[in-house]
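Two complexes are shown next, each including chain A; its partner changes from chain B in the first to chain C in the second.
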Partner chain A sequence: MSRKEELLNWLKEKLKGDLLAEDVSREKCLFIDIKKEALIETAQLLLSRGARYQVGVGYDARKSGQGLAMVHTFAFDSDALLVAIRAYTPEDKPEFDSLTPTLPGAGWSEREYIDLLGLHFNNHPNPKRLILSDDWPEGIYPLRQEVPYDLMPPAAEDVAFRLDEAPPGSSIIPFGPFHACLHEPAHFAVYVDGEEIKGCEYRGFMVHRGIEKLAATELTYSEIPFVAERICGICGSVHSVNYAQAVESAAELKISRRAEFIRTVMLEIERLHSHLLWLGVAGHLIGFDTVFMQAWRIREKIMWLAESLTGNRKTYGIVIIGGVRRDINREKAGQIKKILGEVEKDMLALEKAIVKDKAIHRRTRDVGYLSKEKAIEWSLVGPVARARGLAIDARKDHPYAAYDEVKFDVQVADSCDVWGTLVVRVKEVYEAISIINQCLEKLALIPENSPLAVELEGPIPAGRQGLSVVEAPRGEVVHYLLTGDDNRPERWRVRAPTYPNLQAVPDMLLNNRLADFPIIVGSIDPCFSCTDRVVVIDRKSASGKILSQQELENLSRKMRSKS
Partner chain B sequence: MWKKLTEKAFPRSVWVYHCNSGACNGCDIEILNVLTPYYDVERFGIRLVASPRHADAILLSGAVTRPTLPLVKKAYQAVPSPKLVFAVGSCAIGGGCWYDTYNVTGGGDKAIPVNYFIPGCPPRPEAIIFGVALALGLVDKKVAPVELKQMEFPVDIYRKAKILESNRVIYQLLGEEDDRLANGRK
Partner chain C sequence: MWIWNKIKQLAISSRTGVVTLRYPFKPRPAPAGFRGQPVWDHTKCIGCAGCASNCPARTIFLRDICQEIRILLYDSSRCTYCGRCADLCPEKAITMSDNFELATDSRQDITQTIELFMMTCQRCGRCYDLEIKNYLDKLQSLGYRYDSLEVRKVIRQSTAEFETDLLEKTATYGRPEKLEK
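And now, the complex of A and B:
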């Protein structure tokens, strides 16, 4: 009996009549439908067996007469198993019990559907607006079927986002939306007491472009990989591969081995350029511009390599459902190996400079500390989790593409701070180079005329679920897909790694100095365009205020006269 | 006098402010890329600054989303005149592939007046440097806009067609068309 069957039987025994239906046909995935009253109980049962919470997906299932649906997905990392539990609620009573009190990581997922779907979550600790802009009127929920994708309702009045009250004795320093340390629009209100950060509130989701709605109304299956790539300009290929895998999982399509190797090579090239990008930006954020320039100099070669392989420096457009569009032949493989050799050499020199530099140590060690326990609680992913001693890596835990055939180690550090994330990322650069080299060797053994893409046999049946994970440079990306009619998915949900990681940022910031704010936020390698959806840490309430310019001037004059 | 001074001073030291109005990061990393050793725009005196108040030009990237619309307008107002606005990438130009979704208001020109458009998804670093250098008069334009005009025919075909038509009617009336055609073939 496989692990999946065993888990299903155990759940059946525990839940009895609350388990309505199950779907075990997909490899590595288990989809179950439960009564909505049993949602919390099921989640607790899964958590007790060591599951890690991934994401909540809400969608409008009124077309099939079942009201509104909410799906929560969990991962069993040691068993390579993904579990999705789904519950329905009638349209006239759109209520669910909130998972957030048991699982803080579910906070955003639920707030998201308060905005987008008009759901109500009982006992949610902080049901504030998350995604939609502040001037979006109440009562219009973009993800509902009757709302067209291009609806632009007039602005509501009295719109300002209300920040939480600051802890006593602290003042608020606003960061963003446009700020030197943030490369994307997002607003952080940082509560400080002198130099120490006492809390933080985040209001983001300013890059929300409504891609999921667009996919469900306008695009077709084969168009989405190219739009998926434009979710994020840094880890684009990750999204298109993940989407294609979710569709292939739903349609039970097996792609050729050669295509899988080419996908793996592209994913690793993306990891290389993303980690070097982060290293540069991190250097810039701590005021060490030499690292920035050097890291980006090394990175440029990888960009040229990507261009020669795919035709574009970014947004490769190489992945389609059923395979890839371009081949990597012997000549190109030789070119890749040559460039990777140069990159490795340059990287070793840069690493030496970083490791020996005292300034970097002092700016990153014990900064942004978050314990391993907290990391589990917030269900962190990627290098942020691996720097906290959690060996989770979707490439190892849930092998996809060709990762089951290559050898690599999951890089872990146990310093639990920004330094740890730096170490993990630098080590992963070497791992990525070794993975690409292994892939190229194995690619040479596969005959060159084997097909790159496999055609689908007939239309994809509606109502099937697909779930896929890919390890992006920032961590695990989850794509949930529900097939629909008209040659397009009914629901496609993207969860970027910044989504769980950013929720834990206020905890990381706590009791750090204000000057370290940029590097702590930077340490998770935030990608707001992927995440695109806000977190708030609950502090003890008291009054706080934002100082106006005049007040600041008065204050500084007073201080000066005193000294 | 101010105009002359600006013309003289602008091309040598333009400070640009990078404003991300809802981009996917693709254009942003290419903008950052032009600062790095391979492209090095500082040799043209172009510097990326952190505050719009220090800037001479804005590099706008990404489709303008609903929450950032007022913010982009504010950033534009904060830049002292004279100022230039560059829309970098397809999203900033026309809104990209999500130009009409519920949270996107459209391209950059819907929010603020844009002077130059730099196309691409994302534009190459060379394209960004070329766009900015073009605006500053450091390079010449490679293509000039061509105005298309309807050409005049040497013979007035409308008049000719009219005559032919009337002749045909006359021949038809005379019942001679078939004979004429037959003769013509010979």
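And now, the complex of A and C:
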């Protein structure tokens, strides 16, 4: 009996009549429908078996007569199993019991759907606005079907985000929304006592672009990969691969091995560029510009390589549902190998030249300390988690594309600080080079004329779920997909790695010096655009409603990341 | 020893020298297979709207200004250069060129418009290209939507481009050569 069947039987036994339906047809995934009263119990059962919480997905299921739905996904990392539990609530009583008291990592996921779907979560410790802008009118829930994707309520003039009072004895230093150390808009109000950081309040979600709503209303299945790629300017093909995998999982489409290898090669090329980019930025943030210049010089070769392989430096546009668009033939493989050889040589020289530099050690050791226990509590992912001794890596735990056939080690460090993150990311550069070389060797064994993409046989049936994870350079990306009519998904949810990692930043900042703020925030390689992807919101737009003092205060506390 | 590290850094920096290109004073040609601005070949296009229906950025518009004339307008300002249109065109009328220097202060500079002479199907009343082949069945398999003009509502602002006086300028549009004879 596979681990999946065993888990399902065990859940059936425990939940009895509360388990309404199950879908085991997808490899590596288990989808179950439960009564909403059993949501917390089910989550607790899964957690007791070692599951890691990933993300919550809410959607409007009124079309099928089931009210509003909430899905929570969990990962069993040692069993390569993803579990999604779904519950419905009637439209006239849109209530769920909150998972957050049991599972702090669910805080944002639930608050997101308070804003976007008008759900209510009983016992949520901090049920405040998270996503919508300060002046968005009450009672308009953008993810509901009747709300058009391009709705723009008129702006309200006198509504603004109000910060909390600083704790006694400390003062506030504002960082952002636009600040030299942040590469995207987000606001941190940092409480300082002298030089020491005593806390921080975060207000983000300023760069929504409504991609998920757009996908569910305007785009079609095969157009979305090219839009998904634009979710992030650094790890774009991660999103297109992950989306394609989610659709392929929902449609039970098996793609060709050659395409899987090509996807793997491109993902690793992207990892190389992202790690080198981060290394450069990290160097720059601590004022060590030699690292910045040299890392980016090395990175440029990778960008040109990607350009000649795919036709563009960054938006590879290589992934389509069912496979890939461009081949990597023998000649191109030779070109990749040659360039990777140069990159490896340059990288070794750079590493040797900086590894003992006092400047780096003084600015990164014991900076941004967060214990392993805390890292588990916040469900951290990616190099930030691996720097804290957690050996989680979706490439190893939930092998996708061709990762089941390549050999590599999950790089971990145990210093629990920014230095650890740096070490992990530098080591992963060499790991990525080795993975690409292995892929190229295997690729040479597959006949060159084997198909790059497979065709779908007939339309994708509606109402099927798909779930997929990909290890982006910054950590695990989760895509949840529910197929719909009209040749487009009914719901597509993207969870970027910054989503869990950012929630832990206030904890990382505690008791550090103010001067280390940029590098600590920078250490998670925050990508606000990926995190904020959900719904088109113009900060200026909203109702003409004037909020009371109390409401304003409630609003202003909404981004306290304690939930 | 950290001073040893500094010396190594110095060595790397001086050995590498200046790597910044002299662009734009010295051109940097795009590599083969680069996805630059798509270019339409009006002698090949049959007006099937496959490109328009599948452009993720919805930046190709088709409009029938009368029963026989169909206008295809490509507005590069929103194009993402994904190359999807070139992939899908059944007639290979679109090529992804290596032109990437597209900055301009006038949208017209990067807009391409072609005028297509269409025939009317006796059976269904839709337009098709008589010159090449009956593509009606193929259209369906491409997901052709007859109302693809409606698709323009996706980004409403862009419809401002499709004014009547713009259509009046049809004299400047490329026309299929073989029909001019």
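Here are a few things to note about the model shown:
Definition applied: the second predicted complex is superposed on the first by the 526 of 563 C-alpha atoms of A that agree within 3 Å, B and C clash if a C-alpha of one lies under 4 Å from a C-alpha of the other, contacts with A are read in each partner's own complex, and residues count from 1 in each chain.
Note that in this section a residue touches a chain if its C-beta (ideal position, glycine included) is under 8 Å from a C-beta of that chain, and two chains touch if they have at least 3 such contacts.
All figures in this text were calculated on a predicted structure; none of them were measured in a lab.
By the touch criterion defined above, A:487 reaches chain C but does not reach chain B.
Applying the stated contact rule after C-alpha superposition, one finds that A:185 touches chain B and leaves chain C untouched.
Looking at the shared chain after the overlay, A:353 reaches chain C, while chain B stays out of its contact range.
Within the superposed three-chain model, A:173 lies out of touch with both chain B and chain C [touch as defined at top].
Note on chain A: of its two partners chain C and chain B, the one contacting more of its residues is B.
Contact with neither chain B nor chain C is seen for A:339 once the two complexes are overlaid on the shared chain. Contacts of A:227 after superposition on the shared chain: both chain B and chain C are touched.
In the superposition on chain A, A:297 makes contact with both chain B and chain C. When the two complexes are overlaid on their common chain A, residue A:315 makes contact with chain B and with chain C alike. In the superposition on chain A, the residues of chain A touched by chain B in one structure and by chain C in the other are 150, 227, 230, 293, 297, 300, 315. Those residues of chain A that touch chain C in the shared complex are 150, 218-220, 222-224, 226-227, 230, 290, 293-294, 297, 300, 304, 307-308, 310-312, 315, 317, 325-326, 349-350, 352-358, 487. Considering their complex, residues 1-2, 4-6, 8-9, 11-13, 16, 19, 30-35, 54-56, 58, 80-84, 87, 96, 143, 154, 156 of chain C touch chain A. Within the complex, the chain A residues that touch chain B are 132-136, 142, 147, 149-152, 177-180, 183-185, 205-211, 213-214, 227, 230-234, 236, 277, 280-281, 292-293, 296-297, 300, 303, 313-315, 527, 529. Contacts from chain B toward chain A in the complex involve residues 18-30, 32-33, 36-38, 50-52, 62-63, 65-68, 71, 75, 96-98, 100-105, 121-122, 124.
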